[in-house]
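Okay, so chain A shows up in both of these, paired with chain B first and chain C after.
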Partner chain A sequence: MSELSKEKLLEAYRMMRTIRDFEERVHDEFAKGGIPGFVHLYAGEEASATGICMHLTDQDRIVSTHRGHGHCIAKGVDVIGMMAEIYGKQTGTCHGKGGSMHIADLDKGMLGANGIVGGGPPLICGVGLTHKMRGTDGVGIAFFGDGASNQGTTLESMNLATVWNLPCIFVVENNGYAEATSSEWAVSCDNYADRAAGFGMPGTTVDGHDFFAVYETAGEAIARARAGGGPSLVEVKLNRYFGHFEGDAQTYRRADEVKQLREEKDCLKIFRKRVVDANLLEHSDLDKIDEEVAALIDEAVQQAEAASPPAVEELLTHVYVNY
Partner chain B sequence: MARKITYQQAINEALDQEMTRDESVIVMGEDVVGGSGGHGEMDAWGGVLGLTKGLYAKHGNRIMDTPITESGYIGAAVGAATCGMRPVAELMFIDFMGVCLDQIYNQAAKFRYMFGGKAKTPVVIRAMYGAGFSAAAQHSQALYSIFTHIPGLKVVLPSSPYDAKGLLIQAIRDDDPVIFLEHKVLYTLEGEVPEEPYTVPFGEANVVREGDDVTIVAFGRMVLHATGVADKLAKEGIKCEVIDPRTTSPLDDESILESIENTGRLVVVDESNPRCSMASDIAELAVTRAFEHLKAPVKTVTAPHTPVPFAKSLEDAYIPSPEKIEAAIRSIA
Partner chain C sequence: MNPIPESTSVGIIANPYSSRDIRRLVSSASSIQTVERANIVERILVTLATFGIDKAIMMPDKSGLAAQLIRNLESRSHLNRAASVDLEFLDIPITSTVTDTLIAGRIFRERNVGAVIVLGGDGTHRAVARYIGDIPMVSISTGTNNAFPRFHEATLAGLALGIYLKGLVNTESMVRRNKVIRVTVNNNIEDLALVDLAITSDRWVGARAVWKMENLKELYLAFCEPAAIGMSSIGGLLDPVSRKEMSGLKVLMADPVECPMTLNAPVAPGLFHEIGILDSSRIEIGVDYEIESAHGVLALDGEREIEFSAKDEVIVRLEDDGPVTLDVEATIESAARSGVFVNHRTAGRSGEHKFRMPESLCFG
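Moving on to the complex of A and B:
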């Protein structure tokens, strides 16, 4: 904790707060009917994306999941553009052609949320291969959930990354549920990180409510990959507050489960207590960020609502580079 | 006289020349080097049929073996393409597409559109296709129409050594994902091929033979069957125009329509199964856009709606034969 400068601590808090407020607001606006399509929210999991992406630069690439807004924000994708994308507007990150499940910004090293469970890990092997062949110290990070953790694509990718000795980190965000099905039932081992041994790579399980634990564990894996030491598996155990998708009543969860998690396992509250108790930051520093983020999200929603949808001619553009 | 090499050699030469020209061109696939990690020769095989033989000696680690892990390495090729590499991934037999199709049709094909035009995915996926070797149901299919259906993919079917080289170089230089399909029976076919690199553009049909009586649109190996039949019928005064579209996506519909407008008669020859096929696609083109020019019903010659059989007697009956093509032409000529 002490190795992080005050500036970095503020950055981490701002990132997590931005993700939380973005998701809470999308939840509210979706319920009001302003947002079309399928939306999967990341609230509760902020410490994972933040603790990992704080180590990355634009040359490092990530692939994400259905639940990708948090990864986008942590990777530096513009929040105003993201909100417009989720609203299906021309000013969106992908001009309204991708939506929540396909937000990408390659300039920021964000290779896309993904609508296919397990779609991302093979792609990250290509990212790692490119860095290796070009001799850079860049890395690729595959975020995936406990649902994708059992997909063949994920298991194949971990094997390939070891065989080719790629600078890739496989991050399974185990939030306890693949859609409605418990990971305790669907994942065949107690700790997913145990599977790392079968692929000849280091594996670590980390508490995903603790930003500092994630930051430290990810830092080791990323440094190893940058130095040519090959891939790693990191299991982040965490929880989501909202359903698999917006509209999911979550009746597969204990009635008070989310309420208890919000009270006891909120990564933002835990972070605030840690840094204030250690006299690293003041409550007022963090309160100020809260206010600024709230204003940013308000602005994002206002701009998204006011923006124009893509013109009908856009239906036929961007299918090919040349055809 | 120009140099003659085989279809297989033409593909090897295209890969070699493009790897030499552009450092970002890399080749990967199962046994494309063909000996990684063993105790014998590193490049013992050079591809399951020796097609990539010699590339390792010249280009070293830019050609790489993969484990048998189609989703893994096809996805890796797609991911690397988004980073600016130009990977050529060999999916040995097109029948294996079922193992890794998601990476092709949901990822590679859709990135540019989903991401609002901000992605380029210049990946080439090479695979052999087609019946004729008693390779049976899981190693003999002609699945090009499945890829042709998917927006975002380009689909290439060379029918000669000349086209194989020029179309593959075009595929590698192209900025979109390309499915490059090689008919396994054609690998030993010889033809004139220039030594220097050249490209054959996509979406430009090759009018293999000109004629005013009947238009024959044929794909891949079927171009050879169609040309043979056209030669035979020419001696009787039936003049067939044989069109090889070369690429099914993009499709040179204008050349096909122009020919139909001239002949008024159309036969489509397609080695695939008949439903939702290139045969039905070209027939649809004729009846929706050239109906007023048609003097006879459109005829299609295809495989039946069955898997590809193993026994030679059955496989011979499965593949569209010159006899069936001739009968179709005679029925409307």
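Moving on to the complex of A and C:
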């Protein structure tokens, strides 16, 4: 981990803080009725997207899920455009016609959040095949959850990636619940990394509350894929702070579950303590980022609220793309 | 240390998370599936049942191991007698961390079980050893390097355990006291290692496993066998120290180009690494050694656990009062030499015997 310079540590904290503040703010604004449609929030899972995407460049592609805001931010998608997109405004990343579950920015290698559970893994095989045929050292990352881990599309994709030895990493973000169903009830092979062996790829499990653990593990999986080592599976065990969707009463969770997680397992708190205790960063360095991110999110909301929705005559544009 | 246990109940700690760390990505390390871990426990229960041992207490988990075991016991009751053992799962909060193992070990000691069966690697055995006192561990290696637990088929481990718990042979050679490395940080953090304490130049505990050997600076080894995998192999190839010798080994390492000697060591399954050796020396029992690195991470039995800096005082001490383990080979051999397994038949009828394999074991 000695390769994590002070600048990199600051970058990691800024990324995680931006995701957290973005999601907390969307939570608040959605409750006020300012945001149309559904939103699924990533708060609590920041170390996963950050620890993985910090290894990527724009040529590397990711596919995400319905809970995709964190992945977008970690992949470098503009926060101002994202907020406007969630508000359904013309200035949004997808001109306000995608919304929360379909934010995409191909220039940044973000192939899209995806409303279909298990919809991302097949796409990442296409990414892997492209990189392989073009002879680049690019990789593809498919983020999906414990619910999608049971989908045939996911399992078929893992098989295909192995058969073709594609530079793909399958990242199971296991937050313990597929909507309201505990993974303890719904995943036959509760240690998801076990499934990797069935497809002939290595599988490993990592603590998703610890940025450093995720960063190290992702670094090795990605380096392996870049070097032609083929696909691998990383199970990131983590927790979400909000419901499956905004408005979810979460009757399936213990009353104090999230409170306890926020106190004991918060990735931002853990990160701050570690870097300050190690005398690598000062509290003031991190406080400054907190202030800057808060201002950025304020600005994003203000711009989103002020922007116009797409014009009626724009509704059928941007549906198909010619290559 | 009385080789004949007072209790014939058995504790079981089957770590569902061993052999799942980052070394799956950087080496050819294997991964033991949850289903196989449940099968292993089932095979132990089968063997215990043949000895009439009817009580086992097991650490619970949320990773599917206990659930798979219960399914096995229910679906195979027509095949074997494993289900005849009264299997109790400890009623403890499940954290899915090493805390579960620590708590289970402490409870097993309080309940004075006769022995604790451990499924795991070096890190798991280290965690169990912290609180079980003198209760013997019976090792089943399901970890990555497995330098501490010897490889045994579970059926044979259960066989040795049954012999031990039933007192079928009474010999001191059945159980062995192990050495232990104890480490203190500023006289307030205390921890232990059963095989190796490594000091790396990493900043963070991170993904825990040690696999970047270029960061390895110091090693303190309780024992190091030449035919071992992991960091202890470095000492094992350099200056072997047996489990019985009353000394350990200290090795200082650096970039190979800066060192007077190097060796190529199997530091993980399928992973050799050239190690630069600056110096090595024996360490004595009961002597405090101050580490030489100013900052870094302490890795205990292969897992980075404690971050330290220049302001911390880290003291290492090798001691001879470590955990007790059951020697599976020695126990079975002793029983065999005592004729425990042989049924002498006279005139076509069964004669006197000490122990006889029932049909359920033979065909189960």
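Things to note:
We adopt the following convention: the second predicted complex is superposed on the first by the 318 of 323 C-alpha atoms of A that agree within 3 Å, B and C clash if a C-alpha of one lies under 4 Å from a C-alpha of the other, contacts with A are read in each partner's own complex, and residues count from 1 in each chain.
FYI, contacts are C-beta pairs under 8 Å (C-beta built on N, C-alpha and C of every residue); 3 or more make two chains touch, one makes a residue touch a chain.
Since the structure is predicted, the reported quantities are computational estimates derived from the model, not experimental observations.
The superposed arrangement places chain B and chain C next to each other on chain A without a clash.
Once the two complexes are overlaid on the shared chain, A:306 sits clear of chain B and of chain C alike.
By the touch criterion stated above, A:204 is placed in contact with chain C alone, chain B being left untouched. Within the superposed three-chain model, A:93 lies in touch with chain B and out of touch with chain C [touch as defined at top]. In the superposition on chain A, contact of A:295 is made with neither chain B nor chain C. In the superposed model, A:216 makes contact with chain C only, not with chain B.
In the superposition on chain A, contact is made by A:133 with chain B only, not with chain C. For chain A, the partner touching the most residues, choosing from chain B and chain C, is B. When the two structures are aligned on the shared chain, A:4 is found in touch with chain C, with no touch to chain B. When the two complexes are overlaid on their common chain A, residue A:194 makes contact with chain C while staying clear of chain B.
The overlay of the two complexes leaves chain B and chain C separated by a minimum Cα distance of 24 Å. With the contact threshold set out at the top, not one residue of chain A is in contact with chain B in one structure and with chain C in the other. By the touch criterion stated above, chain C contacts chain A in their complex at residues 16-17, 20-22, 24-26, 31, 33-35, 62-64, 67, 96, 201-208, 215, 307, 309.
Across the interface of their complex, chain B is touched by residues 61, 63, 92-98, 102, 104-107, 111-112, 114-116, 119, 121-127, 129-131, 133, 140, 152-153, 156-157, 159-160, 163-164, 317-323 of chain A.
Touching chain A in their complex are the following residues of chain B: 26, 61-62, 64, 66-67, 69, 71-85, 87, 102-103, 106-107, 110-120, 151-152, 154, 174-176, 203, 250.
Of all the residues in chain A, the ones that touch chain C in their complex are 1-2, 4, 184, 187-191, 193-194, 196-197, 202-206, 210, 212-213, 215-217, 220-221, 224, 232, 237, 274, 277-280.
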